[in-house]
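Just below is one structure, and these are the notes that go with it.
We call the chains A, B, C and D, going by the order they appear; numbering starts again at 1 in every chain.
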Amino acid sequence: MPSKFSFAFPRPSTRRLLVVSSLAAVVAIPVALFGLLVLYLPFIQQPVFFAFVRETLHREPMIWAGTQWAYAAALLVAGILLFTFASVSGGIFSWYERRVAGRIQSRIGPNRVGAGGFFQWVADAVKLLFKEDLVPAEADSLLFRAAPYFVVAGMTLTLVALPFGQSVIVADLNVGIFYILAVTSLIVVGILLSGWSSNSKWALFGGMRSAAQVISYEVPSGLAIMTPVLMAGTLSMQGIIQAQGGWPWQWFIARNPAAFVAFFILFTSQLAEANRTPFDLPEAESELVAGYMSEYSGFRFALYFLVEWANLWIISAVAVSLFLGGWQVPGVSAQDWAAWRGSAELPRLSWWLWQALSVGVFAAKTMVLVTVVIWIRWTLPRIRVDQMMNLCWKYLVPAGFVAMLFTLGWQIAVASFPRVEVVSGVVLFALFAYAVFRFFKLTRENISRVVGDHVDLTNW
Amino acid sequence: MPTSPSEYLGNIRDTAKSFWQGMSITLSQVLRRPITIQYPDRMALPVQDALPARYRGFLEVDAQICTGCQACERACPISCIQIVLDKDPANPKQRVVSQFDIDEAKCMFCGLCVEPCPTGAIQHTREFEATQRSVRNLVFRWADPLHPFPVYKVPKGAPYFPRAPLGSLVREVVARRAWDATGPAYLPPEPLKPPPAKPAAAKPAAPAAVKPAAAGAPAAAAAPKPAGAEPPAGAAPSPAAGENKP
Amino acid sequence: MTTSEIHQRLQAQFGEAVGPLSEPKVDPFAFVKPDRLVEVCRFLKDTPGLEIDFCEDLTAVDWPKRDAIEVVYHLYSYKYRHGIVLKVEASRAAPTVPSVEGVWKAANWMEREVYDLFGVTFSGHPDLRRVMLPDDWVGHPLRKDYQEAGGFHGIPNLRENPLVELRRLDEVRMAEHAKANPPPPPPAAPAPSAAGAPPSPAAPPAAPKA
Amino acid sequence: MSKLVLRRIDRNNEEMLINFGPQHPSTHGVLNFLVETDGEVMRRAIPDIGYLHRSLEKIGEMVGYPGYMPYTDRIDYLAAMFANEGWAIAVERLLKVEVPRRAQYLRAASCELNRIASHLVSIGTMATDIGAVTPLVYALREREAINDLIEALCGARLTYNYHRVGGVAFDAPEGWRDKVLRFLDRFDSLLQEWDRLITWNEIYLKRLGGVAVITREQAIDYGLVGPNLRGSGVDWDVRRDVPYGAYPDFKFDVPVGRGWAGTVGDAFDRYYVRVLEMAQSTRIVRQALEKLPDGEYMAKVPRKIKPEAGEVLSRVESARGELAYYVISDGTERAYRVRARTGSFLAMGIIEDISSGLMIADLVALIASLDVVAPETDR
């Protein structure tokens, strides 16, 4: 008997069309977003923008009064673009995480809405927008409503100093990484506010845990950041990336053994600051129901999740910029970039193409880290509050100090024997490559060890 | 907490090692086949056919071979089977089954009714999908009161009983019923006539119910009498009373 | 040690307070006087050689005919792997039994359960309150004469039995049917058809034989 | 929560009172704890049960001996085979019926499969409560395989109603033995994978090691049974020490808590005892199926079960420890009194005394490690 719930479009051609169009969207959405960033962000760099004012608007930018207003308008557009990028990437990551988690858990994950379930995130967002926006009667209404915006602001402001490519950055602040550390703390304010204003004991627990956690973990993450800062001699994100090279052995993580340690310290602290497993204590659902989000619903609830997933990009991008060579394309040096740019005020077309390539390299590295973060979440259990503090103050902070001091000595050594860096880079890279090889070998063995299991990539 | 440097470093080593192992296992799961079965529309074979033969789904009665022995009714621990035997007005010697109802909403699919059946007329099938908006529609009626079926006389030494294919009858019943069909509108409750019978049953109990309440639970001060007396005056007392009796 | 040996030691120690061992139908038991119960239990737990450390079960049985509630103790020793069943009798009207919570902590919850479901008060229990049912529940359900109140706080627990209701409907329909086709003349007409149907299903069973 | 409890708590202090449940992800609607906390540290957690109370003992007095069998499924829906078996053994002892060997072996095999399934849920939910969701899914995946096997055997996946007074309802279907053996081979290798994935995970060890320690004396005093008792270092297993059914024929070890993560009797010991028990269960199932004797699977039992007057206590080692039925017969078709003594009920009793000084996250670990199943607690 055919099932009476059979689920089929009336015409296969309609179905094919939908699959093809959503597959196209899978590719088109990230490409369009990155394309817009590539085209637009270099445009608001000062020289390019001035060239635009001079050549298109026919004004002298240094003396024209409208320059500031035009620049502000351009920045506004950049802000909207960045926020769209964060929202859409957050949405896509939610789908990506669910698919990866599904596969890790021997499940399929959402696969019905669009090709591979890609439009699941759109459906979820629409659903959340249409849900009732509840404010508990006993809650502090104003703070309760305001709290999500602090969180969103903290996340979005970070993107200002975050590089996407060689020139694709909103503002290459000379205190870039310091700025990122500072605005990230705004998220804590929002979480603490939501925990307090919900007037729920679970939410309060979540807020307190989150505040304690994020503030503690800023210390090791700050210490770990000192290592690349010392190695590059600048706080500017672009400066740090430019101090590295395109090949893996030219990355900071390989050029200095202490940086190798510092990378893991930073990565761990970033996980804690983003409330990702194993540090998801503030929203530990088996302990605190949903932590600081317990009382939220609808749109505000969606904002928290948006930030959680958009943070995935941010923490990975910071780690990639500081330690993994950022957007550096292998084999391309600073002279090459200058040559491609040319001496004209507006860059040449090939420069834009190289920009796109650098964005692609950066995005690929970041996505690898995003996947690792997701993968960690679906593997590890959660640690306890006291252990979280222990890990921070007894392991990460001392290790961060040691790494920093070691880097000081290392830089002195490098100054006298530049070869040290090369040796370290090659050795560490070789070790890392060997570890990866061993890891995949072990993974392959895991499958053959279980009776009846074999590699099978069907059933999507 | 670590008390020595070796323990301190050991903790770090153990953590790294166990993460290494755990991450490799979750990664290896990505490469294996997910066990998800995409029920109901993306299956190789209808789910009913994928179930084992002993599956205990809806009960099915083949009226053709039902002997009307009521063994299943007696075996049912929750009385979800009701059988009424009448005499055929045309042929007083012939007994007919005018009601053979199974409340599938109440049935707990234990299979105890199947075991005593002498002919295998009542059987569990592999059907389980019959969503109904009205729970009353989950009563499967295997006899038509207006056309009661005669009981089956077991032929001596019969090697087998000619039973309809298992599941065919239940599928028919399910297919006939729209999921949003309204259930039968029941008759208004019978006029209250228990007064003569009720006190006799309740009297010995009521004082006893007061006693333990007074003695055992001082906190429970509410008088049990009105509480016990109320429900019979309630909406649908007669079926409940009738149900509790046997 | 066998059950009867334990029982002998108990009788030697407490004399009349421990009744005779029941004739073993399946599992034997002995009655204990309520006022000596805690002493007996302590003796069982602390005496070397007995050391009954495990209060396996503590429950009650209601006997309205004897007007008594028995509280039953199943005791066991992990060390020596022997055990004994003790019973204490209390009147149904106001059952009170000393608590053995001080001897075995396990008795705490089981005595609460017996209090909840039988209404037996355990004197000396530190936290005697209902465990399964709400505090304002009326009555003790496991008593033999417990009557359901039909609901709790206005939430009824009765619903119509569709089978009974359907039968009532059917009876009405059958009466109407009978009225529409009055019995004496039409029976001849429908009866063959009605009777004609039965033989045909009755025929197949004969067929395999032939 | 009742006023009687609130009266016990001093409200004039700095502590916060939280209702941990029933609407809480870790108690899923069937439990409630009134938690008194000072920040993250609990003063105590007072359990409130009864959300699933169905008075199964009273029903036992009403439905007759065979009719109560499907109800025993509902006593513990994760390990219904044991409840079935305990009831069958109790009535068999009252009736003085000898169960055929084949039935006893089938009982042992089905029960041990069920034990694996039940322990899988226990350790899987434990991992989830500690924050790792993935192991739960792996555990449920294997439980599905067991459910399929049991479904092929008796037609149901949860409320089996497989055992009968005097034997079992069905013989093993054709090919079932091989399917089970194939599953067991796979399962043994999966157990090793499980250990590497979660058991020896450093976070997991640290979360469970030394948490909620129940000493040997406490465990006995509070009447803990089964894995909870063995986790505290008491070497006691009804299957071995008060043998019943076919168990004397099988070789198996009884895992006892050894303080793998530091302290004997901590949450990790209770957890790991369960993991080791699953390995022993696979051994028993293998032996039972390899030595499965021929013959009847059901004894001759009168159609009307009417045992003579008397009382009996039957013990079986359920997945949650000793499950004892105390049955009093008065010579009629219905039991005069049915009592099911379950492990979870008393395990709940210990929580209030153990919980003081734990953190809220540890309470979750404590509940999970005691493996309390609400229907078994409330009956």
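The definition used in the following text is that a residue touches a chain if its C-beta (ideal position, glycine included) is under 8 Å from a C-beta of that chain, and two chains touch if they have at least 3 such contacts.
Just so it is clear, the model here is predicted, and its values are computed rather than measured.
Q: Name the chain with the Cα centroid closest to the overall protein Cα centroid.
A: D
Q: Just curious, how far off is chain B from chain A if you go by their C-alpha centres, in Å?
A: Result: the chain centres lie 53 Å from each other.
Q: Just give me the whole-number Å value for how far the CA centre of chain C lies from that of chain D.
A: 22
Q: If you average the Cα atoms of chain B and of chain C to get two centres, how far apart are those centres in Å?
A: For chain B versus chain C, the centre distance works out to 23 Å.
Q: At what distance in angstrom does the C-alpha mean of chain C lie from that of chain A?
A: That pair's centroid distance is 62 Å.
Q: Residue numbers in chain B touching 2 or more other chains?
A: Residues 11, 19, 21-22, 25-26, 29, 35, 219.
Q: For chain D, which residues are shared contacts with two or more other chains?
A: Answer for chain D, listing residues that touch two or more other chains: 4, 134, 138, 141, 193, 197-198, 201, 203.
Q: Counting only residues that touch at least two other chains, what does the list for chain A look like?
A: 104-107, 378-380, 446, 453
Q: Spell out all pairs of chains that touch, sorted by label.
A: All chain pairs meeting the touch criterion are A-B, A-D, B-C, B-D, C-D.
Q: Across the complex, what residues on chain A touch chain B?
A: For this pair, the touching residues of chain A are 1-8, 100, 102-108, 375-376, 378-380, 390, 394-395, 439, 442-444, 446-447, 453-459.
Q: Give the list of chain B residues in touch with chain A in this complex.
A: For this pair, the touching residues of chain B are 1-2, 11-12, 19-36, 38, 40-41, 46-48, 129, 171.
Q: Across the complex, what residues on chain C touch chain D?
A: Where chain C meets chain D, its residues are 25-27, 29, 53-57, 59, 61-62, 72, 74, 78, 81, 85, 104-106, 108-110, 113, 117, 127, 129-135, 141-142, 146.
Q: Show me the residue ranges of chain B that touch chain C in the complex, using the header's touch definition.
A: 63-65, 79-80, 82, 84, 88-91, 94, 98-99, 101, 103, 105, 135-136, 139, 141, 145-147, 149-150, 152-155, 158-162, 184, 186-187, 190, 202, 204-206, 208-209, 211-213, 215-217, 219-220, 222, 224, 227-228, 230-232, 234-240, 242-243
Q: What does chain D use to touch chain C in their complex?
A: Against chain C, the touching part of chain D is residues 2-5, 8, 49-50, 53, 55, 57-58, 93-94, 218, 220-223, 234, 236, 241-242, 308-313, 322, 324, 326, 328, 336-337, 339, 341, 345-346, 348-350, 353, 378.
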